[in-house]
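Two complexes are shown next, each including chain A; its partner changes from chain B in the first to chain C in the second.
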Partner chain A sequence: MIEIIATGALATVQDHGRGGALKWGVGASGALDNLALAAGNILLGNDEHAAGVEIQIFPFQVRFLEDCAFAITGADCGASLDDLPLPPWWVQTASVGQILSLGIPRQRIWRASRAYLCLAGGVDVPLVLGSRSTQLRGTFGGLEGRPLRSGDRLRAGARANGAGRGGFGLSPPALDLPLTEGGLPAVRVLPAAEYAQYTEAAHQALWNEPWRVTPQSDRYGYRLDGAPLHLIAPIETRSHGIVPGVIQVPPNGQPIVQMRDAQPSGGYPKIGVVIEADLWRLGQAPIGSRIRFRQTSWDEAIAAGELNARWLAEARRLADLYRGRTGSS
Partner chain B sequence: MISDQPRISVLGTSALLFEAPGETDLATQERIWALAKEAECWPEIREAVPGMNNLMLSFSRPPACCKPIEDRLHAAWTAAVPMRIEGHLVELPVVYGGDGGPHMADVMAHTGLDIDQIAAIHSAPTYVVYALGSHPGYCYLGGMDQRLATPRRKTPVVSIPGGAVSIGGAQTGVSASAGPSGWNTVGSTSMRFFDPALDPPALLRPGDRLQFKIAKVIR
Partner chain C sequence: MSFDDLSDLSAWMAEAGIDELELTGPSFRLRLDSGGVHAHDDLADDRQSDTRLDQMLSSKVIAASTVGIFLHRHPLHEAALAPEGTQVRAGQALGLLRIGPLLVPVIAPLDGIVGALLVAHATPVGFGTRLVELHPASAR
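Moving on to the complex of A and B:
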């Protein structure tokens, strides 16, 4: 069990998302950087779909109320356990009473904005409609359907093989799987249904101009600022199912990329969709930073997903190897 | 927008979107429900989610190629027989205008109607729940009088309260909880539409009907 000592707004419990409830109007939620959450669980030997804590405002501090192995992934927050500095993407064991502190993300080696804290056995909150992710709009899931606050306590799930091992880490996907365009972080995009109904200038801007992540960006959507994207003629589309990654363009021409807390349906025209395999990259883009869109194909998008899966498989292999070598108990 | 062929497009690698041709109507929606029932049994499909005369199919894992599923969708659509659903009828009292209807003036300006006409026209039909979406328990309704059609707002509103009755394009609906919206809010109501502890968690489902009653008009 851990107790939150200090937290900014909107730290939430997230797992890999809530599938199968779209038809009730329930969006999937889930970690914005799904690779980071999965990697944290892999470091601990957890099911990689176990729940963890997503942190986006710092500093963040927790006290361990029992001995517990934990992992930190995502942004490099200069973490420390009491006075012991911890490398990023690291698994460690904590003793009862110790305090884990995460500071403002360092942007030196890779740019990122969200950190993940995983516990051996996973963060144990009730399953609601098949998931532990916080559904902020519906105020259910996670811890009482709300962001965490100081004084909250989170229990670690039951664990078959002891307290877990610490003292090793992973190289982050931001370094292993870099993707840039014109010197800026990039995400790959497949054109969507209304793509052809945008002007040539809009197409040029989409692919060739930088897009700034505005302060009105959150787990629901990233509102981007750049050259306005205009339709050749106005259209009203009928409300239809959408997925995280859809780039909606309201009439003001400024695109909104739907993120994990996105509504499961919408009606604004769609110029493209950020592919599932790259959503973690966008989820880590800091407010005020600039990104680029790169046009991709179905085959490339599928290959990108397979590359992510291979990265996770390799992480699992390394973690198993390390635990096997040191786990003589 | 209106063509005579269904249109299929991809939503990244996560889903396919099938859009039926023609004007939005109930007979088409009944075929969409039938198509959803069939497609949700296909092994590649995680969930079949009806929209307004359209259907999103999310993938359990993205296929190497979408063509076979697209062909199957076209064939299933051609063969789809309208699925009649005998749903519940729910009455919902609405306060039109005032603080609970902050965009009433915009709808009046766009439609050229006064607030009493808008309340009367809006509460006249029995609306059919075509689909759920947007947020937990929210219903997309079919049957709005097209004299009320008003474009979605140029910039979405950061938050509208639960129970807000709003118009977006040719559609109308009632928000089930507070959150962002691009629609024009013309009134308010109070009703609990969603409880995750219940099975099913949503109060209404496709095929149910909704009747708005004028509780009050605030001029």
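Moving on to the complex of A and C:
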């Protein structure tokens, strides 16, 4: 059991998302950096899909109300357990009464904005429509369907299962699976249904210009700022189903990438879609940072997903081996 | 192996700044240290001095607990975890051993002050490779 003692807005309980719920008109939700959440669970020996806490405003502090193994992943927030500094992407065992503090993300080597706190056995909140993710729009899932606030208590699914001395960690996939374009973080994009109806200049800008993440970016969608993307001729589309990653272009020509809390339908034309395997990269892009889009193919998109899965499987194999050898955490 | 080989080995050790080298086979053990050269075909008569040596080393040099790549700093950090001269507490990480994506800490077994880092950052090391000198707090 942990108690939140300091949090900014919009820290929420998230798991791998409410897959399959679009058919009920319910959005996906889930961790914006699903690799970081999965890695935190792997460090603890949890199911990869167990729920954790997604933190996006800092500082953030929790008190452990009982001994508990935990892992921190995602943005490097200079975490400390009481006065013991913890490396990023690390698993450790806390004793009752200890306080875990996360500060403002350090962004020198990896510009990331969201941190994840995982607990042994996962954060124990009820399953709703097959997921523990907070669905803010529908106010269900997570803890009472809302962001966390000071005084909230979250139960761990399992007790501390060993007194890990110094813990151990993982190297972030941002370093192991780097993807840049022109020196900027990149995400791979498939042309979407209305791609061909955009001008050649729009195509050139989409692939070759940097896109700034504006302050109007959140778990619902990232509004990007860059060269305006214009249609050859105005088109009208009816509202239709959309998924996280879809890049819509409203009439002002500035694209919006739908993120995990996106509504399940929309009517703006779609110039592309960020592949599922790269959504975590976008999910970590801080407001004000610039990104690039790289054109990709179906085959490459599938291969990218497989590469992520292989990274997680290797992390799982080594973490399980190490945990078994040392009885740690 | 001939005495010429031993001379070569000894010269290479001096050149590389290696204080001791030990080779163990099914029926022999060879140990060279900077104080001289001696060869044995019998393990028994050397055990006593081994124990003394181990005691001396265990209090001062932290060795790799696994094969891996020795890192002075975390991959997300620019500063070393415990550069020479750092005062550390027992249990604190002096460096990391990287095995694929796994990062295993090299832990200070006792309070002390970090001495020389014996292996360069990002060097592949074997089990038992001497990594970090630690001057125990009690010895000061």
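Here, the second predicted complex is superposed on the first by the 318 of 329 C-alpha atoms of A that agree within 3 Å, B and C clash if a C-alpha of one lies under 4 Å from a C-alpha of the other, contacts with A are read in each partner's own complex, and residues count from 1 in each chain.
Basically, a contact is a pair of C-beta atoms (placed from the backbone, for glycine too) under 8 Å apart; a residue touches a chain by one contact, two chains touch by 3 or more.
The structure presented is a predicted model; accordingly, all values stated were derived computationally and were not measured.
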Touching A:Gly167 in the superposition: chain B (first), chain C (second), both, neither? second
Using the superposition on chain A described above, determine whether A:Ala319 touches chain B (first), chain C (second), both, or neither. second
Output check: A:Thr199 vs chain B and chain C. Expected answer is one of first, second, both, neither. What do you get? neither
Could you say whether A:Ala301 touches chain B, chain C, both of them, or neither, answering first, second, both or neither? first
So, does A:Tyr268 touch the first partner chain B, the second partner chain C, both, or neither? first
Between chain B and chain C, which makes contact with more of the residues in chain A? B
Regarding the shared-chain residue A:Lys23, is it in contact with chain B (first), chain C (second), both, or neither? first
Along chain A, where are the residues that touch chain C in the complex? 76, 87-89, 106, 108-110, 165-173, 175-176, 311, 314-315, 318-319, 322
In their complex, what parts of chain C are in touch with chain A? 74-78, 81, 91-93, 96, 98-105, 107
So in the complex, the part of chain A that touches chain B is made up of which residues? 19-27, 128-129, 135, 137-141, 190, 192-193, 220, 234-246, 250-252, 256, 263-268, 270, 273-277, 298, 301-302, 305
So, in the complex, the side of chain B touching chain A is made of residues 1, 7, 9-15, 17, 19, 24, 46-56, 58, 62, 64-66, 131-138, 140, 151-156, 168-171, 176-177, 179-180, 182, 194, 196, 200-202
